[in-house]
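Two complexes, one shared chain (chain A), two partners (chain B, chain C).
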Partner chain A sequence: MNENQAKVQPNQEPERRPISPLNRQENEQSKRVVKKDKKKAFGSGIIWYIFLIPAFLGILLFMVYPIFESLRLSFYQSNGTMETFIGLDNFKTILTSGPFWNSVWNTFYIGIFQILITIPLGFIFASLINSTPRGQNFFKVIYFLPNVTSIVAAAMIFAFVLHPEMGIVNYILETIGLPTPGWLSNPSTSKWAVILLSVWHWIGFVIIICLANLQAISPEMYEAARIDGAGRVQQWLFITIPNMTATFAFLLITGWIGALQRFNEVYVLGGPSGSPARSIQTMGAFIYERGFTGFEFGMASAATYVMFIIILIFTFLNIKISNMKL
Partner chain B sequence: MNSNFSENQIQRLTNILKFFVLLVCGVILMAPFIWMVSVGFDRTANITMPFPPRLIPEELSGFNYGIVVENGRLIQSYLNSGIVTISSVLIGVTSSLLAGYAFSKGKFKGKKLLFIIVLCTLMIPMEPRLIPLYTLFNSVNLLNSFWPLILPPIINGMLIFLCKQFFDQLPNTLREAAQIDGAGEFRIFFKVYLPLAGPIAATMVILAFIWSWNDFMWPLVVLNNQDLQTVPLYLASFSLENGTSLGGLTMALATVSILPIVILYLFLQRYIIQSIALSGVKGE
Partner chain C sequence: MFSTKSFLGIVLFLLMTVTLIGCNNESSSENTGVDESSEVPETEVDNSQDWNGQTVKVQLIGDFSMEDSTDPITGETTPGLKDVKEEFERQHPGATVEFILMPWEGYTEKTQAMLTSSEADVYQMPGIADFAAQGLLEPLQPYMDKDEEFSTDIFIDQQVDGWKALGPESSDLEIFGLPFFGDARFITYDKKLFDDWGVEYLSEHPTMEEIGDKAAKMTGTNPVTGEQNYGIWFRGDWSSAFTLVNAAEGLGGKWGTGFAWDEVEFEFNSPEMVKSLNWLLEMQELAPEGIVSNQGQEKWMTKDNNIAIMLNTGPGELVEQVQAQGLEDRIAIAQEFKNEDGAGGLFAGSPITMAKDSENKDLAWEWLKYATSEYAQQYFYTTGAFPSVKSALEWESVKEHEDLLGPVFEAMSTPYNSPRYHWAAAQPRFILTSEIEAALTDQRNAQEALDKAQKESTEWLENR
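This part shows the complex of A and B:
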């Protein structure tokens, strides 16, 4: 009985009781129980907030504060010590700045081709791995390996792999009689060097996600199709692919968000200015260059906000599509 | 009978073909690694790269690896990365376990709103927070220390989300039984639920480890001291300093920097792949 009451009205019931002295004297026996109930009812509300203290301290300090502070900064001219309010000037400068739009273009160009190549290719590999009777696990491990290595080390290796004179890629291209591009030494091909690197690095992730979802398709569907006389290719086209659309959407959007934030590999390959000739400077690199080599904090903050809004739109889509439950 | 037999044959043939396609593509994918290790072991590749590229080093020697290890900076950066990663994983996983449990089993005002706030943090990338966080840590004189790398991972929306989902699957009856025995909420968490959280804790540790170990932009901003560089920072500074001029050394350095992670991956591959897949199919 007492248990139930405490649960139904955790806030009022236990507080009212001890006020009456009659209650205390009369029910000597239930006193102990009531006391315990009070403690539990009081605790069950407050104690949960104690569980949340570390996480929400982090949210306040490292999420909420910086987000609003950088919005404020974007209206100021600032180098970290001196600040003057200049309204929307930073945004005007950014939105009319050639280098900024160049970095947006580079980011989009690399991202779009990375995604267009990696998702179909990764899906084909995942399908092959899924249907091969031997060595599934071996292939999984091999294909995922590039994704485990840090992109910084990978970029370091690719600087050599794609070296115009002594790299293996151009050596192979030359031996089979194809033209040998200058890759990172030439602004017109440097983006493709980054695309190759990012495809190589991301494909393992795409394969793992595709495999997990391929294995979740119920075998009965294939069974039914087989009874109806559908061949392997038909099954793949009419059962597998339609069942994978949610996965493709998820990969498309996570891949795109990652692509918008691309920084590490272009920094290693081209430095903060994305050389040669700013041809691989991404939005992240532009912000880093303005913020931490030029110390134009206000300007960089405005640029991060433009970028933030672009990312926000795509993250919002991500949550919509991957159907996160609250 | 006849057609059945040939169908079987076709099946076997396509299987062999699939296996070969996968094998060849796998080798192509591994080629940069294979080449990296080979060049690293080539004494003649110390400064100028061997051309045409060859698989077997002309003069096999551990010379390049010796220099990399003797130099000491790589080992120092390993220690730094180790300190940063272990501390930030401990902090992040602990706070996420507590929060995920509260969001799953707790009854308190504002639970839904607070959880939405946690999910919102998933939408906030690092870039817009970079400058304010930099000035924040600067104002308390903690730049060029490990604190800026260890403290912010205390909040990780993805880990809280995964953890909540895990606890959602555990029955409430466990709680009720412990409650009747008079156990407080913390006792129930530590004695009843935490011992059952092994699988999700392992996943969280793996994910947090990968994120922290590979983190680059934020450490680049806050660490200018050469002695405090993490592994990715050291690699990047070496690469930017030398470009492609020191082939053998760079490749040996890359190999040594990747090796421990690769070994760890080979031992834990099942769990790592599962964890990545779990964070990828988070909608279900």
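This part shows the complex of A and C:
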């Protein structure tokens, strides 16, 4: 210890008061107050834990427990009541199953095109709506309407819209002299029928999210750009788009997760086996088919975990690619 | 608060509602669902046991409701389940019936969950083979043996045998369920289109050649109406496996052999199956576009119908639709393809079963008997379900439509049953269906598609 330190240290010590009966009483009183305060704080705090318990129990019961139960099931051959431990056989069967990889392909194909079409198109529509001097709310409502429609009902209507002989889409195509595809009755076009439906359904959400970001961009930036002689397209390219990257990243990740979990619309349009010829069977539909129509719960659980890993990898890649901070 | 206009509008709306309700002259309370013209003997009260405090929980699948409802097709009142409940409770003093109703959507998994959690005593159970194999169902033979009142002779032929299944340890097929709702598959056709084209009606037991020839003659522009007509339609997706297997049965083929999974051998790529799929591919040329997506038949069972022959149809709402559309003189029925023994086509319907862990098994057995009694069968017939008892042929409501329902009952007693298509609720059905779709959409030829279906189904069997 050097000299300076020795000099400084005594000054830093708290002032020590001599212990007297009066001081002791004060000390005890203050301790009691602190204890009481702590008890009070804990007492009032515990109420919030009690409020949280029902939701927490719900999460434990309906989310955490099924996740672990599903993992356990994936190592068993199970029809719901009778179980036999078979180790990794279910995973082996899934990973070598042609229909499973076909369902992965279908899921990715539909998902990629849905995202590639919807995000740019939604952004363009949002930019157009944002530029309109009047009636913005009207357009927002109109474009958002598909998103609040039940996808099940929408899928049923789309089956009529895309009817090969009586559908309005083929009627229009025929009127303008274009070939009329079989849509849902042909494996080469059925995926595009699902893509059309999912773009129609998701685009309202994309527009609303883009609009929120567009309206948050400072008008001063546009003003400065105009003073510098930037045109409308240049402003859009060099101010609007760079300011939208966080929104695009958000839409990309949420879109991907939704696309990889796709089930409802393909189930309505093609049943659990994704008719015709498994052309629109997604991973979710594959799991449903094996689990709930064939009583192969172990197999379905294994497929669920493979799907979980695929979603995890692609979400991680998406975060890396889009530089999104968690 | 309200302007005068709004107030007047509300008053007018209320007035119209009251007037419309008042105009309805049907009295739902009088409709018990039972054909009053036929004589249903009033069953005596069963005092053989003390039913006091006992409850039987009954699961039912379909559009049932406790209260009266309106049939969406005919507009007539359908009596609610309260009537059958009251009658059962009258016959079994002190007992209570509780219904658990569920839609057809996802019934398999819901039934599995209910059985696992001992939710009901009695189940309507089309997938009986899967549940019996899990040891979840009570064998009924002991109850039948000790109950002198009961006889399986009341059921339409083939129905009791058709629902037999294997328990977890049984080597022979056993009775785990009684036939509750009947079902059948048959060929339906529109006589008007046959008349327009000058084609003779289908024979009672048509062959593939007969159907193909007649369908070909009726495809094109109708000579009378000038509308586009199609000779034939069949579902190319969901039920195509059954249509194909039935066609093969007509040629002497079969889906395979065995009932227990370890004894099953599929014959999906037999010469008869390949020939049948090639025939379906030919028939597709005579059908509207969209058979693999269940499209193209939208006008069927309407006055604007444009399809002459419909393969693999069922009796659900048949009479109601025919009546509602005024098609009594147009719609006729022929049998599906039969083999040399006179059997062919999907065996379908719903048996009624007792849960192994039911706490009131005697009362559950009483319900099983009651559900298959003439009273209950007549009630369920009014709700759109098809009866499983022979005596139904004598009901006035059935006799009235004998032309239509006679062949349906015949089809019910001649399905392919040795053994039935118990794989219809398992992966092989989806494998075969997907491959039929692949052939129908030119992905593969018939031989390749069925070879693939055979290979995948056999692999599935080996991996189970």
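In the analysis below, the second predicted complex is superposed on the first by the 266 of 326 C-alpha atoms of A that agree within 3 Å, B and C clash if a C-alpha of one lies under 4 Å from a C-alpha of the other, contacts with A are read in each partner's own complex, and residues count from 1 in each chain.
FYI, a residue touches a chain if its C-beta (ideal position, glycine included) is under 8 Å from a C-beta of that chain, and two chains touch if they have at least 3 such contacts.
Keep in mind the model is a prediction, meaning the values are calculated, not measured.
Contacts of A:Ala277 after superposition: chain C is touched, whereas chain B is not reached.
Legend: residue contacts after superposition of the two complexes on their common chain; A:Phe144 is shown touching chain B, with no touch to chain C. In the superposition on chain A, A:Thr93 makes contact with chain C only, while chain B stays out of contact range.
In the superposition on chain A, A:Gly80 makes contact with both chain B and chain C. Taking chain A as the reference chain, the count of touched residues is higher for B when chain B and chain C are set side by side. Contacts of A:Phe205 after superposition on the shared chain: chain B is touched, whereas chain C is not. In the overlay built on the shared chain, the residue A:Asn243 is in contact with neither chain B nor chain C. By the touch criterion stated above, A:Thr189 is placed in contact with neither chain B nor chain C. When both complexes are overlaid on chain A, the residue A:Glu165 reaches chain B and chain C alike. Once chain A of one complex is fitted onto chain A of the other, the partner contacts of A:Gln235 are absent, as it touches neither chain B nor chain C. Counting contacts by the rule stated earlier, residues 80, 159, 163, 165-166, 271, 291-292 of chain A appear in both its interface with chain B and its interface with chain C. On the side of chain A, the complex with chain B involves touching residues 36, 40, 43-49, 51-52, 54-59, 61-63, 65-67, 69-70, 73, 80, 125, 128-129, 131-135, 139-161, 163, 165-168, 171, 200, 203, 205, 208-209, 211-213, 216, 246-247, 250, 254, 257, 261, 263-264, 267-268, 271, 283-284, 287-288, 291-292, 297, 300-301, 304-305, 307-308, 311-312, 315-316, 319, 321-324, 326.
The touching residues of chain B, when paired with chain A in their complex, are 15, 18-19, 21-22, 25-26, 29-33, 35-36, 39, 49-53, 91, 94-96, 98-99, 101-102, 106-109, 111-112, 114-119, 121-136, 138, 151-152, 154-155, 160-161, 179, 182, 184-186, 189, 210, 213-214, 216-217, 220-221, 231-232, 235-236, 238-240, 243-244, 247, 250-251, 253-254, 257-258, 261-262, 265-266, 269, 272-273, 276-277, 280-283. Remark: chain A residues 77, 79-82, 89, 93, 98-99, 159, 163-166, 182-187, 190, 269-273, 275-278, 289-296 touch chain C in the complex. Of all residues in chain C, only 106, 108-109, 112, 115-116, 130, 133-136, 168, 236-238, 288-293, 295-296, 298, 425-427, 430, 433-435, 437-438, 440-441, 443, 456, 463-464 touch chain A in the complex they form.
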